[in-house]
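If you scroll down you'll find the structure; I have some questions about it.
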Amino acid sequence: MSKPLISALAQFAAATAGRNMTKAAYVAVTVGVLGMVLLTDNRAKEAWGWVGALLWTCLAYFVFEWLVRLRHMARQGRLSLYVSSSAGIVDAIGALAVPAALLLGVEPKTAWLLSVLWVLKVVPGIPGLRQLRRVLVLESGPLVSVLVIFLMVVFLASVAEYFLERDVQPQTFGSVPSALWWAVVTLTTTGYGDVVPVTPLGRLVAALVMISGLGVFGLWTGILATGFAAETRRDNFLKTWESVSKVPFFATLGPAAIADVTHMLRTIELPARTTIIRKGAQGDCMYFIAAGEVEVDLPGKKVQLGEGAFFGEMALLGNNKRGANVSTTKVSQLLVLDLVDFRVLMARHPDLAETIDAEAKRRARENK
Amino acid sequence: MSKPLISALAQFAAATAGRNMTKAAYVAVTVGVLGMVLLTDNRAKEAWGWVGALLWTCLAYFVFEWLVRLRHMARQGRLSLYVSSSAGIVDAIGALAVPAALLLGVEPKTAWLLSVLWVLKVVPGIPGLRQLRRVLVLESGPLVSVLVIFLMVVFLASVAEYFLERDVQPQTFGSVPSALWWAVVTLTTTGYGDVVPVTPLGRLVAALVMISGLGVFGLWTGILATGFAAETRRDNFLKTWESVSKVPFFATLGPAAIADVTHMLRTIELPARTTIIRKGAQGDCMYFIAAGEVEVDLPGKKVQLGEGAFFGEMALLGNNKRGANVSTTKVSQLLVLDLVDFRVLMARHPDLAETIDAEAKRRARENK
Amino acid sequence: MSKPLISALAQFAAATAGRNMTKAAYVAVTVGVLGMVLLTDNRAKEAWGWVGALLWTCLAYFVFEWLVRLRHMARQGRLSLYVSSSAGIVDAIGALAVPAALLLGVEPKTAWLLSVLWVLKVVPGIPGLRQLRRVLVLESGPLVSVLVIFLMVVFLASVAEYFLERDVQPQTFGSVPSALWWAVVTLTTTGYGDVVPVTPLGRLVAALVMISGLGVFGLWTGILATGFAAETRRDNFLKTWESVSKVPFFATLGPAAIADVTHMLRTIELPARTTIIRKGAQGDCMYFIAAGEVEVDLPGKKVQLGEGAFFGEMALLGNNKRGANVSTTKVSQLLVLDLVDFRVLMARHPDLAETIDAEAKRRARENK
Amino acid sequence: MSKPLISALAQFAAATAGRNMTKAAYVAVTVGVLGMVLLTDNRAKEAWGWVGALLWTCLAYFVFEWLVRLRHMARQGRLSLYVSSSAGIVDAIGALAVPAALLLGVEPKTAWLLSVLWVLKVVPGIPGLRQLRRVLVLESGPLVSVLVIFLMVVFLASVAEYFLERDVQPQTFGSVPSALWWAVVTLTTTGYGDVVPVTPLGRLVAALVMISGLGVFGLWTGILATGFAAETRRDNFLKTWESVSKVPFFATLGPAAIADVTHMLRTIELPARTTIIRKGAQGDCMYFIAAGEVEVDLPGKKVQLGEGAFFGEMALLGNNKRGANVSTTKVSQLLVLDLVDFRVLMARHPDLAETIDAEAKRRARENK
């Protein structure tokens, strides 16, 4: 192979080894799964040729990715860790499932179905998944008990229905397993209608089951809502605390006040060249720069503000029309302070209020 | 055309240009959409004549509205802003979609279907829509991850079902796309029943999918409930803060106390000649007038109260039967203080308590 | 008629006039509605005789009730108020609907259907209905906007489906009204399955509608949950405040502390001769008597405790097995203080802690 | 019988009498219910032999269990208490239901259906069930009112539908009872599709019913979510308070501070030999030992920490990679302090901060 090609491949391999999901990986997953779906469509029979080609390409990519990572990890001596990690297992499955099936002589169309497992590669990339998992873990106690209640209702209901309906509709309620199917379909309020009680008593039981269905829903949601509220607060606090400590503006505050301030701020991450404030728009929050840099586009000149600086305070000091465009020049991390919290903050920490006021005045003079 | 007609039209145009949705616009949207609906009803064939007339009238109105606004904006030099704004786009669609379709030779009955897009004009008028959007934006992270999980379950489940059911019911589970349809219908617990697994394993998978359906529901709702609670607090605070600052009664308080008070008050907007308090009714809140004027209907005489005054305090000082009718004389903005918060407030700010007490006594004497 | 009968009737009338729902009324509503239901059952044809008798009896009762109340209100000069009140209207409907229908020559079986309106009489008796209404009123803004979004989705979706499906299934998607039916059935995730899209595009649209269905659910619930949480807090506070002020034990506290305490207590109403504490049971709360009287069943003697006294404190002072049975002697109103709040309270108000401790010691000595 | 067998049986009996659900009981319930389910499956006809044997064995076990407990309780003189307790009733049912049915000459296959009641034995073992019950009790008021509204809508809707649809579909809407069935199926958004309105008006009513269905859902969930949030806070506080009081580290704090601390901590129970901290993992919380003992696996030596000690504090003092494996040596109860709360705590109670800091430094030196 020609030198440039090799080096390009090497670079590509490095990128692949580094990040969990490269753009290429996303493309491969999407194309692969769509191809698999298409493959099963009878109207696409004749398309088999090129669809198959696509699938083989995706598979090749995943195998390549897996090997690169194995090598990479082996070099760093983290091979065993990687292989036993969920990411490692998912990579292995993605690379080996289909070939294994084919080697085992499974009918190709069926073997390729396993390529649906490629979607698992997306999991680690899901935003806020960790947060969801924490909620499920913390609330697992009540959630499990709701599940147990759910199963208990399902069992009792299905036996009751079997007893009440078996003689009238032997083919649908002829055994408890079929009645169980009915019970699940009903308690989740899915209600296919393929199995429906017809006797008065049977319908009474069914009605009770449906109503308990609402109850189960309600409990379930109530539990998750509760857990989620707690988790959100916690999560936001952690993210923000890091940033606050970076902003000199808050350095003067004691730890108690900082904890207090942290509860009021919200962290946002912005890519470079993003407009944060649009001139003339309504403004109801101000920003502190925890990391990165922004550019204020004043008439005549452009002003750069770096880490620790703040802007947009005018909107909170009476004049709520934004006076200038502000946009990031590099990837930045900003702390947002809502009007609500701004006022509470100023009330509790007058010294901060003065600092901001003074700065605002200075800028106003300057811009004259 | 006769002079009065022209001036009337001019006035109408002015009104149209000014507000986003005039009464006329609401009528036009309603009539237009209903007409379109009717049009598609086969029993209404013969009615085509006058229904068509209606539709053309509505269309005419929307074209007129659009042109008026274009002219209006052009004059103010905000043309480009308007054209690129969502409102501008909606107006343009409302005015051009149907004619364009007709010109392109689309069959009339089909072309008129596009008039359903007129409903989009209502969107900006929806109360609290901004609030909903904010919630969706702030919680977008978790919401997206739930959506991704949703899609992942849908994919895995549908491939599993396809594999398990394709031989038994080739026409319904004959391809993954049809299985996908089943999966969505099931995971959302809609359960049409047009596609239903029949094999034991297939039903087991389906049961799991339904139960995850509850989970998805729960997470989704939990997230939205959390976001909504936060947003409501914030929103109410902002609205109220403006008004509180207008009430001299609170002027004596320091900023901290004001922030405190603001959390206790609720703002309500009332049209003119609305009864706020009905004599003899149970009372559990008092009112401060942030803007407008109210009239207290005392035996013998009527007393007007203007901005900054308060009333209904008697209900909170022991006697909880309302003593007189109170109604607005002009559009007014009131701050409502619930009994609960009244007591907390009085406890924290005894000075306010005295002011109110004194005033209450004075009034009691007067009314003797 | 014999004297006793008349006086009995008079008493009965008085009772009827007084309370909104007498036991008799509940019986009449239940019997009446069940009778009406039975009436429509074809298998119950022959039963018409006595069922009819029942219905006529119920009707007679409601007419009687209505007349008694009219007379009662007329005497008190509140006739017009009553007639225009919701209760008055419901009573009037209950008494007049069926007869009116019969007089108008409506077929009897149909006329009697109107007796279902009798259930409306139960409404004012529903516990916590006022609370629910308040939530709906306070949150009406967001709820309405969700509803508008709901309708908008329904409209756009049904027109799209009509366009996509009309040629394939003219009898089910042949007009927008039928498509609207489909849209509502789908967006509420009810999914009868009587109207189901079959074209790929149609199913795609349907899938989107179902997922928005989850969204609508979520928003709706989120809003209600938020409103409900606020309302519950408020409601409990109001109920409790009244009682706290009655308990001398708290009189020593300043208003701020009282507001604070009130947030910790929960009010419960108990009928006479109800056991509150069962000896040997686990205890995690103490009680203050706001009204009524309780009897402590100590070995050998019975001790009465009246308004302002407290009991069950032992459980919060180390020994968490209840030491004696306690039951109400008359209708009583108690304030419940949970272990959690007890500790916080004791921490914030040491003086209260001492009072309780001292009393507890005194009692312990006594009971030796 | 041989001596060892008897003593083994005696031991087994003792275990059974002691705990509510022994492993054996869980096995018996599972096997028994599965057997019963299998029994009703027509394809399992020939299996009747050994399935029957299984069922008889389970039944025997439950009878044995019941008798053992009766004897055990009788000895402790708590017989009447046990017999009247829910656990006692469930045991009695489990032991007597099937035999009673068989004696009464019920057809065996039907009699054995009663063995589904064995699942009730699991109820007392469900985690957090008590919590759920408390929520349902505390919120019973609003929940009942929602239920009443639910039933009212069902009644009014079904009568309306009966009136509108009876002539068009006499077999499905021919009587109010059948209409009631439709109403429940619809209001719970189950939507079997076996009974569906077809007249325009009927569909309009149905649409309203479905939308109210969402409303009922929302209210229900809102209420439960509210109640659940309150209950969770309370529950966690109680559990934690006990443990906090055991930790000398917090002894220096005043009661107010303790109540404050308690709100920040979370209690977890861990079995012996469980890894709490894995070396190299991300850490965002520290632990206090309320009961039990943990072993820190430092390079070279193992350090034991007993009750009152804390660990994992490094993660909260800058270095957030865990430095060593930590695992329990016996059943332990730990208090978890999240990073969030750690900072707030340190801010409010600087003395604690110093103690932890000092200890951390000391350990760092040591481990050098």
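In this document, chain identifiers A, B, C and D correspond to the written order of the chains, with residue numbering beginning at 1 in each.
Basically, contacts are C-beta pairs under 8 Å (C-beta built on N, C-alpha and C of every residue); 3 or more make two chains touch, one makes a residue touch a chain.
This structure is a prediction, so every number in the text was calculated from the model and none was measured.
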Interface numbering overlap (same over half, different under half) for subunit A and subunit D: different
Taking each chain's C-alpha mean as its centre, the one farthest from subunit A: C
A-B against B-D, pair bridged by the larger set of C-beta contacts: A-B
Between subunit B and subunit A, distance of the C-alpha-averaged centres to the nearest whole Å: 28
CA centroid of subunit B to CA centroid of subunit D, Å: 39
Residues of subunit D engaged with two or more neighbouring chains: 177, 189-193, 217, 221-223, 225-226, 229
Residues of subunit C defined as touching subunit A within the complex: 189-193, 221-222, 225
Complex contacts: residues of subunit A adjacent to subunit B: 33, 36-37, 40-42, 110, 113, 116, 119-120, 122-123, 126-129, 131-132, 135, 147, 150, 177, 181, 184-185, 188-194, 216-217, 220-221, 223-229, 232, 284, 338-340, 343-344, 346-348, 350
Parts of subunit A lying in touch with subunit D, wherever the complex brings them together: 141-142, 144-146, 148-149, 152, 155-156, 159, 162-163, 174-177, 180, 186, 189-193, 196, 200, 203, 206-207, 210-211, 213-215, 217-219, 221-223, 225-226, 229, 233-234, 237-238, 241, 254-256, 258-259, 262
